[in-house]
Structures are given as C-alpha cells and as structure tokens.
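Just so it is clear, A, B, C and D label the chains in written order, and each chain counts residues from 1 on its own.
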C-alpha cells in the first residue's frame, strides 16, 4: 500500500535520471554474455538473462504505461511472454518454459527495452499520481531485484558448463577486505518496532506496516560465518550427523547428495569455489555462501547457537551503529523466521497486489543483502525469502544467541515511540 | 526440558491407574477393526493401526524401561520395527514401509503391549526421578496423540474402500449440538504471555518457555467456519479463482485436483461426507473439516478476513472465558503461524530430544483440538502442526480480523505479570 | 480362439475332479500365511494373496457363470473389487490399490471361493458348449498362473520384512539335485514349426496359431546359468562395465542400484539368498534366479554368447528329447524375443479377449517354467512375459550360440510337415 | 561389420565431393535459425541444432581422424561436450544437459566444423583402409541421420513457442502431389531374404546380415493412412475406446492427455497442423504424421487391420516394383516389429560398436523414410527405431492384412537363392 502523501522526488528530471541509471545498470550486467548465454534456462528456479531484460521492461508497461485506457502495447504478444506470475494479467508462459523462447531474439528484446524507455520518459514528463509514483518506485526496485537474480541465475547456468566461463567482472573478494571484528553484540530485552512506516520512503508491501514486537535479550555475532568456519563443520562430520539437522533437511541432503555448499569442488590441492569471476581457491576468511536454510540451521546447532529471527536482525541493524563488521552485506543472511504477513499486512492495491503476498508460505526470510545487491536497494526493513532447500542465491548466515536477562547488555534498553 | 521440581502426582497408584486408563482407551479404539484393517498403510503420511499399537508401547520401552542399564528388551527386533523417527535410537523401518510389516501379527503386538504394561506397572511401583516422571507423562501424552492419529489414519484407509466401512462408533454430530453463537470476540492491543511455564503441569517442549508477545487489537469469530459457509465459498467459485490462493496452494490444488474438502462426495441429492461412522449427508451447521491450510487461507481471503496467529488464538483461549461457542474443540483450527521454535526453546534432554524440534520447518500450527482428541489432552498452549497441503486430520478454521485501535474492545486490556 | 472341435474331457466327473484339485492347490499354497500376510501389497507389480484367491474365483464367475442371462452374482460389489484389467467388464480397483482392500476379510473371500465352487460344480453337471469348455480350461490355467504369482508376490512381501519369514515349505534345492550335464546341444538350420495347433489341447491365444519359422544353425547350452557362473560375472566387474549392457539396462542399473540379483545379500561368510523357505546360503550349483532381462542380456554378452530366441527355445524343446539337464524347468528362461503377436494371431472371442493381446509391447518372452509352476501347466509352446527390468519372478537364463552351417549339428536337420 | 572387400568409390576426389555435399547440406538446414534458436533444448529426447552441428563433426574426429596415434584434437574439451553416448570414448555431457552448453558459441562450432572439414580433406587425400572406408561412409550416413533429427528437433522447439516460427522452407505438401492409388498389394507365402548382404554397398550393422525369413501370405495397403482417415478414427471415438489400445498405450494416452496426433490444433474453422513451414490447415489427403506406435497400433485395430512386420515391409519394398503410391517415403512407417538384433548380428568393430546394438530393446522399428530424409540415405533394408510413446519424428503408418493362402496373390511366389 503506497504512502498517503509521497515523500518521493517528483521533479521529472530527477526521476528520469534515476530511471536511466537503474535501467543502464541492467544492460551493463549482461555485457559479458552472448545472445546464446542469455536465452538458456538452467533449472526451473532460474530464468534466462534475456527474460530478465524483457520482464523488467514488461513490468513498467503492465504496471504504469497500460494504466492509460487507450494504451497500445509495444507488441501484444509480449504480454504473455514476459508476465512472470500475475494471474490477473492473463495467460503466460509457464516458468519452466522460459528458456524455450528463442524468439523474440535478444536484439528484439533490447529494442523493446529501448521503446519502453522512450515511452517511460514521455510518461515521466507528465505528473504522476500518488499510486503512479509508488508503482514507478516499485518498477525500479523490481528491476534492482532482477539485477541480482540475473547474476545468480547466470552463475548457475555457467556452473553447469565444463568450460566454467566468467559471468561478471566483479567479485567482492577481488579487492582486499577489512578484517573481521570478532565477538558478539548484545541487546537487552524490550519492545521494539520493526517494519517500514508510511513516511520512511519506498518499501515493498511485505515490509509494512511498522509494528511492535517483544524481544528477549539476545546477542548476534559481529561477523558472518566464514568458509573457514564451514570447513571445520564439514571436518567434524556436519553433513553426516542427523542430530544436527531438521528432519526435512536431512531428507533433502540425502536426496540431493549434499556434502558441501553449492559450487564447491574438492581438488587435489584444496577446495575451490566457482564465482562470478570463475573458479578460485576457497578463501577461508570470506563469508560462506550458497548454503541452504537447512545447512545454515544445522551449522548453527553444531555451533551451539541459533539463527536470529528477522525481528532480532532488524532491531540490531537499526540500533547498533557500526557494531558489525564490514562483512555485513556481502551475503544474504538466513533467519529462523518463516516468511509470513506482518500484523496488519495488506497487499498493494491493483495490478501489483500479487507482488509479494501470495508467496507467504513455505519460505524463510533472509535479511541484509549481498555484494550483488545494488547499494541503494539495501534497507534495514528489507525482507528477502527463499525455500529452505534453495541455495543458488548469494546466501550465508550470522549466528544468534539467547542471553540471560541478568547478563549485561552491550546495547542499552531502548525506547519505543 | 522437564520442570526442575515436578508438580506431577507421584503416588504410584494414581500413576498406574492413569496409565491403565490411557492404554485401555487405545485398545478400545480398535475394537471395530480386524487384523487385516490394522496392518495396511494407505499412504506414506498415515500409519497402520497395528503400528500405532506397537509404537506407543515401544515408546515406553525406549524412553523409560530401557534406562535401566541391564534392561532386556521384550523382543530386540521390535526396536527397529517400531521406532518412528529417532535417529539416535538406531536403524528403523522407513515410514512408507510400515504397512509391509505383516509380522509380528496383531496378536503378537497385543502380547507385546501386555508385557510392556506388566513391566511398566513394576517400574511405576518404584520411585521415579524428575526426568522419569516427565518421560512417563510424555509417554501418556504421546499415546494420546496416537489415539487421534489412529482414527484419522483408519478413516483415510477406509475412505479408499468402495465398501466405506465404519471406523468407530462415535462422531460428534451423532448427538444434538448446541447452537452457534454468532458475532466476534474482540481483544485490545497489549503484551500477552503465551506458552507453558515451568509450573503449569505437563507440556511438550515445543510449548515452552512462556514468553511475552505483543498483540495488536484483533477479533476472532465466535464460531468455527461451517460446512454451510464452505458451500457458499464453493458456489462462489472459490476453487477456481487464483486471486484467493497462495501461489503454492494454487499449484497444489491443480496437482491434486481439489474442488472440495477431502471426503466430500457430490451425489444426486446433495453432498455427502465420509466420517468415522460412515457416509452421511453433509450437515451445513457442522464445522467444516478436512481442509488444508491452503484452502483455509483461501477461504479467509474470500471472506475478507484472515486466519489468526497462534498467539492470538492462545491469548483468546486464556482470556475469553466461555465467549466462544461450544464448537470450539470439534476440529483443529489452522493458524497463520509457521511452526517454529519459541524464543528460548530448548529440546527435551536425552532420547526424547527429537520429539518435536526437528520438525520445526515447512509446517503450520493448528490450535484447539478435535472431537477425536482425548479431553484431558487439550490445553490452551498445545501446538499441533501439519504441512499446508495435508488435510486428512480433523482440521478446520476460525476467522480472525484486524481491528482499529480506536474501536471498542469487548475484552479489556490485560495485564502481563 | 478355441479349437473348433474340442479334445478336452467332457465327462463332468473328470472336469469336477480336475477343478477341485486345482482350486484346492491354491488354498494349500496360503496355508502358512496369516490374514495379515495376505492383505498387504508390497509393490504395484505384486498383488496380495487374498486378492489372488478372490480374483481367480471372480474369473470363473465373470467368464463362465455370468454367461447365464439371469445370473445373480454372489456379491455385486466383488465385480469391481476383483476385476484385474478387463475394461469391457466395467469399473475396477486400480492395480496399485489392491492392498487397500482390507474388506472383504479373508474369511469372506474364502466363503466367496466356496460359493463359486458350489456354483461351478452345478454348472459342470450340465453340458458345456465348445466355448464354455475352452473358458473352463482357461479358468483353470488362469488359476495355475496365479498360483505361481501368489508365491512370487509373497516372496517379495516377506523380503521387505526384517523378520524374513517362510513363505512355503518347498524349494527345489531342499532335495538333492541331479548333476549338470555340461556342453551344448546343436541344431541344424531349417524351417521349423512353433506354436500351438488347433488340436494340440489347451493353449492360450498368444501361443497360436502354429507357424513356420526359419532358423539358422544354433546351439543351446545343456545347462542353465548357475549362481556360481553369476558370481564369476560379478567378480569380473559385470555390474560396472557399460560395454556389456543395453543402454536402457545401464540406466536402470544405476537408477535401482543393482549390483547383484534380487534377494542376494553379501554377508561376512559369503552370499545368502532369500527363498520361499527363508534365508539360505547361496548354492553355486543352483540356477541363478531373480535376474532381469537386462542382467541376463549383459551376462550373455560377457560370456561371448547370446540369449536364444523363443523359436530356437521351442524348437529345441520339441526336438531334443532329454538332451538338456534336469535343471530345465527350475527357473523361467529369458529369451531375446520381444513379446509380440504371432503371425495370424487373433485374440480369444468375447470377455476373454483382453487376456493376452493387449500386453504385446515392451515386454520380453520367457520360456520353460519354474519349480513354482504346476507340472501340468508346462508345455513347450508356453509364452511367459515380463518387462525387461522386472526380476521378482523366478527367472533365469540359458545361453545360445550362433554356429556356422559347416559345423556338425548334434541334432539332425528336421522336416516340417 | 564392414564388408571384407569394399565396393565403395576410393578415388579421393569423389569422396571429397561427396563429403562436401553432405556437410554443406547440414549448414544449409540451419540457415533460417539464429544462434539463440540453435542453443536451446526443448526436451530430453531432442538436441539443440548447435549440438547436432558439433556432434557430427566430432564423429569424424573421434572415429577417423583420431585413429592416427599422434593426432592432436582441435579442442580437447570438445571430446566430452559433443560425445553423444559412446561410453568407451570417455566422459560426456548428459543428454538432458545438451541445452546448457551456451559455450562454445555457434561461431566457434562453425569454426570447429571448418577445421574438421580441412583435416578430413587432407585425410581423404591419403588412401583409406577398408575399415576407414567403412567409417567414412558411416560418418556421412550418421550426418544424414542428424540432418533429419535436426529438423524434427527444431520443429519441436518452435512448437513450444507462442510465436510459431518457420523452421525450414520446404514441406512436401507445398508442391502438388500425385494422387493416391487405393487398394492392396498382395504377397504369397514363402521364404524371403531380408537384410543387407556384404556386397550390397553401405549399410549399418543393424541391417546385417542378410537372412532368410518365412512369410505367410499377406497384403499391404497401397497408400499410407491419411489425415482424413485419422479424422474418421477420432470422430469414431478412437482416443476414448480402451478396446482399441495396448495396455501401455492406454496408460500413456491418459498420462499425456492425447486426443489427436502431435502438433494438431482444433480451431474454430477446423484442424490446423504445425509444420516446418508454420501453422497450416490440415490436408486430409496428406499422410498422417506425428503419431506414436501406440496410436498407429490402435488405429490399425480400429480399421480391422494390423501393422506390417518389418520383414513384410522389406519384402514388399524389394519385390513390388512401383506398386505403391508415391506417398511412400513421405513419412516413416511404424511396423509391429520390436527393434532386435538380426540372427547373426554382430556390432561394428572398434569405436563404432556402440552405434546401434545397445539400443535393441524397448523400441519399435519404422521403415521407409520421410520427406526430411536425404534421398540418398534411403534403402529398403534401413531400420529406424523409436520408443512406442515417441511421436515428434515424421512418423506415420501403412496397414497390413493377413490373407488366406487360397486367395490369389498379386505378386507371384518368389525364389530365394
């Protein structure tokens, strides 16, 4: 539900600049990919890069441009081809069949993007209503989500290739990183407020409304769990000890044959990991990634700890300043919270109502962000979500601990307004 | 984790009487079933009645009797045959293969029960430690859980038979029922305490510890959703409108071909439903049952309402006296809460540690109880749980509503101590 | 298609005696099984023993008794419950659900058998038409087929039990066996006649008509392949060498994890095999059994030989006297012939028309018979058939060899009349 | 097994010309496809066009060029990427993953083809041994097989596209066709010889050796079954009558939801069919195509006829001159013969030994050829084969009939030498 009076910048020049910047970034991400790389779908969970390019353009067309009653679509056939999951918007290509669309070609899709950009520029030159302003922001945020999906999907595709190509020129570990901090950050019990309030700027419907939640005293590790930590878990038989695993997780492990995170390979000289920049030696100091919820949960049990709830995570993110290490948004962090509607949740009105709400079952919330998330797409209230068996996203974990209320809290008790 | 000082009755006569009563009830439930009826498994989710008889006996043997270091099992082969899911207790027959155990025969299993009863009586004549007292209570509660499972599993088996036999002599609707109440019960916002405290008497580990939780103002319908309500949902196209359904629910509906609750049959003269006492005409005033979470959630959305959280449900159960209709424990009630560990949860120590914790993912909590639940097995803190697609249990729903804090609350604001 | 003028004994006393003997044998076979043993279905391919008892009675009722236009079925509900696969005879319980029929009980099924026997005795006191005589013989042969199926199905069920019970008191290897013969029996090229002719006595429709077939010179091993032979194949890596396997066979091996015949277990003191009389040490001199077509074919390739065609097998059986060892009908023998209609095949008229013809694709022919086949059910034209991946029947193999026409043939060239 | 003394043209100029012509044809076939069209795999049975281009080149490299002991592969990585199923030639990409190979790019694959062509030209300038001559012919025949596969695979891919693109410029029905002949061609009983003899020119190993086979008197329809015929079958409930179907076929029909041949669409103005040249109105006079064996068999039963055996088909092709209509090689013709080794079959020696033999189970033989088969790839002994449920190839049927030996045969009895 959009805020009643929008705090968003309405001056069209600013909007257009912002739009251009986000849209250009998407094309930049595929600059190393060929048309062939961009058409193939490597698994039902993933989508082809070309589909991402087209779908994000379709989104602006379906949500904003087509609100004009006499709107003529750029190509009527694209309505079914690039609709992701909006039942209200008619027929669509089934998700596992996205990779069968060799036509329209990449160059036709790029032309489609260009035409949508032209039309959006014209549309932004006019005034936007409150709901239109919200949908415009939604479109940009939506595209930023797909930027990260595009990278993780391309990584999966290339991981299937014996040639192990390079997806993208940037990996966080290519530049030297700051050291880890060590230790825990402790929080006293109390009522906290989480979630996005009406005047906080853009947020997805699933982040709203702001709400009170009681938290017991707890602590979070200052650092994320690292590859080095994970190796110790593996060496201690972590993947062979059912006592560490949720029942569904243990079944999944056996079904899929897991014995390490995704993209790890045991070589004669040690472990390597397949990354956006290709196959590299495993860095023990880097945060572990490509682990499922089941694995993250088993690790936490092995470590005598637990995963944080999403409320604990958000409270910490809002009230701990720079207490956490700079590893913070290198990988998404699994929480122990199932993805569910907030108290008082209501879906965005209109065509965007299917955006989030209908996925609120069977998935787990991740918080934070990854190195592949655009920096202006991060916010403390953000809720990412995946099924507990999925691990092709850039997902890792941070440990949490119950603490007795008699222990001293690093962070003072806090006020709720 | 058992309470430090137990409030349970320690006088062995009382314990033995209680034990005898619970154990006799289980045998009474199968009095209408033949050895053939009791050996077959109709689906992986369900277990044969004979297995229930044996497993509940095995539980006392594995959890209590075998604590004596020189204990000799009644039959060493039964350890693997009747272990349900305890990895720490060794090999076991896979769940979908429980129906292959034609041996030991029913009469051997009944002998096994008798021998366990004899040994338990001897054991109860001695003093019980705190943990043993807890495990004894756990064994009785465990057996009561299986009493209900036995009935719902037998109902499923017989529902597959063209002969539609009778499972059991009792259905709630065989006696006249009180009228429904109508209307809502409203609750003011505030901090509430839910969960079982140490001195509250027996509770499963998943109900503990007691904890504070913030609740916004809300209302619950006084009555459960009825078959008549559900017919209106069906007539309004409820099973054909994707806008009402969670995405996973819509996929499940199509995969399994749902267009009504389980066990409903459309006949020439109206709907019938298959029940423990056989095929009967659908009673529009009876609570709907055998609906999945997906269906319950879709219904709530259709009705402009939602399912309650488990905290809302428990708060209402504790603070509303007899505000709800007597339909209250006729069917289990789906909540919108995913089954997850409570803040501060720790599993029961020792062999019972796998009892609940390892299932805390992918399932949804149900509250209340059903007509098939033993009356002394009901308590406001009780957490039942099923996968959102399962519907062979006696599960229904009650609707909840958000209310504005400016509306008057029927129930006063409440204190938390 | 029945013979135009039947050579079958028409004197009713003889018919009744024969009927009684076959029917009594079936009940004798289940004398060691409990009602629980007889109700469970261990896999979709197998059927419960109780179902076999009922279905074989239903067959007489559906094929013969119900030909009287005013016939009243013993129990109308049994028509759907015990129909195996006759589409023309109405609705039926799906094959994988046969094990869900806990009702009617075993004692009801035995009563049903008794009533069918009473009615059949009355019917046999009247004269039989040619088609009725054929259907009567068909019913007896059908029941004999199910006698063997009953044993192999019960063996599969009990093989799933950790208790490994005894199915039946007889195994061929319980008595001392004659020695193997060694060597080959050689046959000259020529035209041969295979298949059952009109006046040869009873045969299934799939054995007819008699027909000419050209055979190149060939040889058959005098003995069946033994467990000892198979061990050498295993020790030589037979289950790990793709060059020996059909492509579909290699995929099946991997999917099902085969590394030995079914029912073999590697113990610390050598291999054991699970048999009708329980778990016994593997006898190297006994014919190997419970191997699939894929395994038989791979073995033959490993041995530098091949499986015989069914025509070669039948020609040998008709023209070689006692050239083969007495191992001959201890296990069914896979041939390389796909199960297909003979030239000139036409299905039996009427309700029995679905008996064989509709299965004539995707399966391979086996010839001979096993120790579990009734002795008066064996004949040289008999065609048994299974899918190439199935191996729960008593199936083994004999090797064949191409021979040059210049080599001397043991058996003389033969005449075709 | 290659012929002992080859009748093939050894003059290198002729060989090189022939090689060039076949290789050029393959590239011509993809002239209407984009790199994107050529990388995607639409189902596990089909392969991407790019893979066909690369694999056919790899075949020459693996079978011929790499026979030189000091041979350096064009790119060592391609050995695993473009091996289809040769276990003896090392690791390979699994069949369902062929569509994940976005790299090497199409242009790299075309360069690979060019380099193989260059090397092959050099190799052909030298003398070829007998086996090399055979492998050279095998490589050309192999490429011709893939030319047809490429078209049928591309047709399947494009059939999944809502845009229904054009695969290729040629369909047989684009030019006017000769009229059908009507009637039957009749053959007397006798011994016939089928299969390829040593001196008959190139043949695959599965066509050899020539062999005698006894044939009863039979007739073949002069014409193929047409779309018009098939419509009558459909209108008569052919897809709804289990009596017409093999048991496995009936199950497949229900599983896959068949109610017409593949690629047929029922529109408001009649049936259309998707073809290489796009969606066109159904031509009732054209041979039906894209029907499975199960459908062909059901049709034949409906028509009171049967499918021919492959021996009947081949005998007719060799001995009937131009008795059949010119529809003859428009679509492949299902036979009732399971794909099995001929009497005396032995696989080609060496690396090509896996070419045919390991597929000789579970599939049915088709004879003739289709409009998409290169004209110089047709021969009367040719054996094509597919699983009975497959129908994406250009496959149809011709009916056969048993005839009494007393009826007059159109074709005289024949001699076998």
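Quick note on the criterion: a contact is a pair of C-beta atoms (placed from the backbone, for glycine too) under 8 Å apart; a residue touches a chain by one contact, two chains touch by 3 or more.
Note that the structure is predicted; figures quoted are calculated from it, not measured.
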Centroid distance [mean C-alpha coordinates] between subunit C and subunit B, Å: 48
Inter-chain centre distance, subunit C versus subunit D - centres from mean C-alpha coordinates, in Å: 36
Per-residue overlap in subunit C, given as positions that touch at least 2 other chains: none
Overall pattern in which the protein chains touch one another (line/ring/star/complete/other): ring
Chains grouped in pairs wherever the two touch, ordered by label: A-B, A-D, B-C, C-D
Touching residues (chain side subunit D, partner subunit C) in the complex: 85, 87-88, 191, 211-216, 242-243, 245-250, 293-294, 297, 306, 309, 336-338, 340-341, 343-344, 354, 358-362, 364, 388, 402
Residues of subunit B touching subunit C in the complex: 34-40, 42, 50, 77, 80-81, 93, 97, 99-106, 157, 160-163, 165
